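Labels A, B, C and D are assigned to the chains in the order they are written; within every chain, residues are numbered from 1.
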Amino acid sequence: MTGFDSHGMLLGMILLIPLLGAVLVGMASRWPNLRETGSVLAALALTFAVWSLLPGALAGERPELVLFEILPNVPFAFKAEPLGLLFAALASLLWVVSTIYSMGYMRGNNEAHQTRFFMLFAVALFAAMGVAFSANLLTLFIFYEVLTVSTYPLVTHKGDEASMRAGRVYFGILIGASIGLFLPAIIWTYALTGTLDFVPGGILEGHLAGPAVGLMLGLYVYGAAKAAVMPLHRWLPAAMVAPTPVSALLHAVAVVKAGVFTIVKIIIYVFGVDFLFATPSSGWLVPVAAFTVIMASLIALRQTNLKRLLAYSTISQLSYIVLATAILAPLSQVGAALHIAAHGFGKITLFFAAGSIYTASKKTDITQMNGIGLRMPLTMGAFAIGALSMIGVPPMAGFVSKWYMLGGALQTENYLAIGTIILSTVLNAAYFLPILYRAFFLTENVAPPREHGEANWPIRLALGTTALLTIAFFVFNGPVVDLEMQLVETLL
Amino acid sequence: MEQVIDIISWICLLGGALVVLIGGIGLVRFPDLFTRIHAASLADSGGAILVIVGCMLQAGLTLAGVKLAAILLFLLFTSPTAGYALAHSAITAKDDGLDVDIESD
Amino acid sequence: MLAAQYPVLPVIVPLLSAPIAALMPNRSLAWIMASLVSALVFATAVALTVIVSAQGMISYEVGGWPAPYGIEVRVDSFSVVMLLVISGASTLALISGKASIDAQIPSDRQPLFFAAWLLALAAYSGIAVAGDAFNIFVFMEISSLAGYVLIANGPDRRALPATFKYLVMGTIGASFYLIGVGLAYMMTGTLNIADLHARLGDVPYLRPILLSAAFVTIGLAVKAAVFPLHVWMPNAYARAPSAVAVFLSACSTKAAVYVMLRFDFMIFGGAFAHHDVQFSTVLMSLALLGMLIGSAVAIYERDVKRMLGYSSVGQIGYILLGASMISLGGVSAGVIHMFNHAMIKGGLFLAMGALVLRLGGGTLDDLKGAGRTMPWTMGAFVLLGLSLIGMPLTAGFISKWYLVQAALDLGTLGIVLIAAILISSLMAVVYIWRVVEVAYFQSPQAGASKHQEAPLMMLVPLWAVVLANVYFGLDPSIPVDLATNAANILLEHAK
Amino acid sequence: MIIVFSLFLLTMMVVVALAVVETRNLFAAAMLTGIFSFLMAANFFVLDAADVALTEAAVGAGVATVFFLGAIALSSEHEHSASRKFGLALLAVASTAVVILLGTMEFPILGDGSAPVHQHVAPWYLEKTPELIHVPNVVTAVLASFRGYDTLGEVFVVLTAAIGVLSLLGFPRNNSEENAVNDGLSHQKILHIVGKLLIPLIILFGLYVQFHGDFGPGGGFQAGTIIAAALILYALLSGGDRARRQMPPRLLFGMACLGAFIYAGVGGTTLLLGGNLLDYSVLSHDPVHGQHLGIMLIEFGVGLAVASVMLTIYHAFAGHEHR
């Protein structure tokens, strides 16, 4: 029953590396340098292992690893398919960068419990890998829950009253949605189809019809509350209490990405794009996603705290991805997959920039940031690249995914989607550009507590790399697109 | 001959029942503790003995008769002692100041 | 030779060793004897599991007399599940309980305490393997009496009123059960369970049988702390010594549920047509109420042990909900949850025992900052709490999964059940997270810095339970197969 | 004719029960429970259940009343004014009573031959006892052998009761010789003499009941209680401390455990000898002899256990007072 081919072993390895990393970090708690280098090494090893799977995947290979059976014909199994690979590659790469960044940030602000932070970071990555490579809904649900439980202590890192309340909101909504909506949906699917495996083209065809499909879709979309579709979005701004590397992990690397990834995977592999397109009752997702995109952008306009602004911008970008899949056109699926990566690079750069501003000048409010560009040119430069990528300006990654999204929308003449994408692009510009204008063209109004230039070198290194990655993604998007095309080749 | 024995046994039985009835009435009507003890022990010893003698006459010289005799002997020992013990403890309790409501009805 | 005697060993060995343990000169000798006997019973239970899963039902005639005339001991997969739960909980509680028992019970009373423990173990095993209705009553008498003795040995004075309440309710329950069995005996002339089922069919008058079913079910509902009749249970478990709480929480209410299911399915099931409809409507409503109100009250409870008691009321609701669905899926879900819940709740009370031992009390204020001073114990508590909620990778998830799956087959009524199950799980999240927040986010009270981790003797069994929890979460084949066989036996009798 | 007796006894029982509930004085309540048990014993006798009648008389009327009085001695005489609102309790009891009454409409008539109880198991016992166990008193055969497993349970119930009382009240400590509190009734000459005269007779009767169990009404439980009653009478007469020096409570509890152990041990030996649990026929070469031996042994175990448990509990109450 346990299928062990060479790539299957690699899959097992990929899952073990973050765990080993966590153990390594735990043991080296007394020697900070050794602990951090251990963490970076683990991240590098993971990236190397995941990226080595890419050439094989491009050639159409689907390595598989089946361990044992939890429930009748629902094994604890893993399978590397294009979407999962993209998410895993993104997460492992960004893990390397954010570990370097965390070293700088933790040292800069001498945060407490650093060992616990790095250990849980590694466990969160383990869960993210599990979600990416799970071969059926049950394994995905198991790792989805492990991700929630492992990130809870990260969100409540400071341990004070505010972080406890934020943790309560974070845990309550996520656990409530997953147990209250996601689990019944899975069991309903199991009861209907007798299997939970991810099959290209979906498993629900013929077992479900009429309004029940819409209901099932609703259970899944709102069950995966990590995708922060309104009204289950309040946990994201509440989690801003955590230190910036945690926010980076939350927003760009693992948590929200897992949520949106789950929705895309379910739509493609459980429902099947054609089946959903054919049933009218699933039509409600586009307007809901569009509403979230617009509303989140409007709220972001009024935010003055930089991190809260980025949080609401994430909510709107995530709903972009949901909107893209909801268009149910093959091209828009590719667009959604690409946007996961594009948003990842862009948003992590913005968060790194926000973190470095905070480390250097302890400023968190936009109104205090006049003229900061002159003091911290590299940080604000990277911030600019990130912002432009969010807006979708050509040389940045954001443009690629928006291009395919619009292509898909035009293909199915979904004018509501096209309108939303254009309007939200304008709104993105409306809340990002003033920050850039304020940073570079206005003279300093609030004197920082002490003279400061850029933050320390690890932060600058991490910041630079992600900014370059955002641009590189635009330049070398060829292989990534071909990989995602395999997703939908059956549908073209 | 049997008729004579039957008559006598019936007389004893009825007598015993009568004595028990009187004892019961006495128990209810008498004012204070000691008179009531007297009435109770009357019913206890007198009535019981008469009833058992009546039964013995009925049973005749069988095993049951012997058993009844043993019971009679046992009762003769215990019921007067019980009456005595009750009265004695009532007196000693009064001396030790326990609130034995001897006078009340 | 000995293999043929396995069904009776779990009863006779503890009975033989109880008087000896009572006369032991010092407490550690008594403790060693109790643990050894309990481990032996657990080994016999495992052996019986192997035999039963291979061979089906074992019938054993006590005294060599044929079934309806002599007393018959009958072991099938349902009784094996109970045996495993009972002996497992007892062995776990004894091995880990040494430190907390020494702290809570004066040493001259411990031989008596362990004698009562062995009697309780023998009685519960007797109930699990019994095949005769009156025999169950006799062992129920011994188990309740021994239970009162165990709880009355609680550390503080409040144990006595709690025991008295348990005694009154328990006696009422036992006498109702006796009246029910008496009525059944009067109408059929036999006490053997299988024989009762056979002869109940052709009883001319129906009303005494209805009466008997009512009395048996209500009596056992009192003993099983089903929702409205549960008032005695939280106090009894909270005030009892910690080791007793581990043992009793895992098996005392479940033994009563076990007997109730055996009676309602195997005896009264086939007797008259609409019994199962009556049974399911009454029990399902009580179960739903129990789940929702039990968990709701648990949220507002300051004393964590009482909170776990009220949560047990809710979990018993789950078991009954499964059983009252009268479907193969439902009943097996109920039996699986009996197995899993015993493991989870036993572990939670074990962790509480360690916390009470070190921190001096079980209320939320005492647990402040326990996360830092006792990381391993609190870690185990959180993992077991996650299992109680039904998180994946734990045994609790498996029972939730089978329960919801069984509820799905009931159509619209199923949706209501699923809603109730999920609401009570979310309530479980709230009351477990209250403890987590107090333990990890609040600093310990002044002058409480001297606490150190629980003794190793407690930590190893505690983490053994946690690992068993995860194992049965990942590979639930053993309990699931046993539960499905048990459900088959129960239902095919009920037709 | 019998109907008149049972009617009279049953009405008396109802009257006594109401009196027990009504009275506030606990001492009177204890006495009334004694009377109630005695009426019950008479009622059983009218129903031809001689064994049960003897047990009820010995246990209910005899020893239980002594324990109640012992408990009252430790606590207050009068029931303190518990909140007397028992509307809900009354409702519950009333509804149960109505339900039972409704049920009785279809019960088989008392004592009618065709009732299921007399059709199935009972005739087999009557027919098989002389042949398999060869004991005249079928009740003892059923009690000890056919359903010996239940009686094993009952003995351990009694042992658990003793363990419970001891674990709560603890073993009574004897005061040393000189400051022994002379609380006995020895200064009352008459009681002393009558007592001294009767105690040996009672014990003799107890032993008779013990070993006569196979033939007539009797057996371990009744004999144990009667012997215990005699020894309690002795303790009352000669004062608690002297009684406890003659029969130290630890030894008594040891005998109780021994009694229970004998019963379980007989079961164990039958296991070792190859038969099923409590199958006495393996005890000796001839099965019927084995049954006799088995029944005699376990009756002895039961008698020993019950007697010493009653005494242990009495001493636990009585001894507790002087602390």
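By definition in this document, contacts are C-beta pairs under 8 Å (C-beta built on N, C-alpha and C of every residue); 3 or more make two chains touch, one makes a residue touch a chain.
Values in this document were obtained by computation on a predicted structure and should not be read as measured data.
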Between subunit A and subunit B, the fewest touch steps amount to 3
A count of C-beta pairs in contact puts on top the pair C-D
If chain centres are mean C-alpha positions, then the most distant from subunit D is chain A
Rounded to the nearest Å, the gap separating the Cα centres of subunit B and subunit C is 57
Cα centre of subunit B to Cα centre of subunit D, whole Å, reads 27
For the pair subunit A and subunit C, the C-alpha centroid-to-centroid distance in angstrom is 44
When centres are defined as mean Cα positions, the distance from subunit A to subunit D in whole Å is 76
Among line, ring, star, complete and other, the chain contact graph is line
Chain pairs satisfying touch are A-C, B-D, C-D
Subunit C contacts subunit A in the complex at 386, 389-393, 398, 400-401, 404-405, 408-409, 418, 422, 425-426, 429, 433, 437, 440-441, 474-477
Given the complex, residues on subunit C that touch subunit D span 1, 5, 8, 12, 15-16, 18-20, 22-23, 60-65, 68-71, 108-109, 112-113, 115-116, 119, 122-123, 126, 132, 134-135, 138-139, 141-142, 145-146, 148-149, 152-153, 179, 183, 185-191, 199, 203, 205-208, 210-211, 214
Seen from subunit D, its contact residues with subunit C in the complex are 99-100, 102-103, 105-108, 115-122, 124-125, 128, 145-150, 152-154, 156-157, 159-161, 163-164, 166-168, 170, 253-254, 257-258, 260-261, 264-265, 267-268, 271, 274-281
Per the touch rule above, subunit A residues touching subunit C in the complex are 68-71, 76, 138, 141-142, 145-146, 149, 153, 156, 159, 164, 167-168, 171-172, 175-176, 179-180, 183-184, 187-188, 190-191
In the complex, subunit B touches subunit D at residues 74, 77-78, 81, 84-85, 88
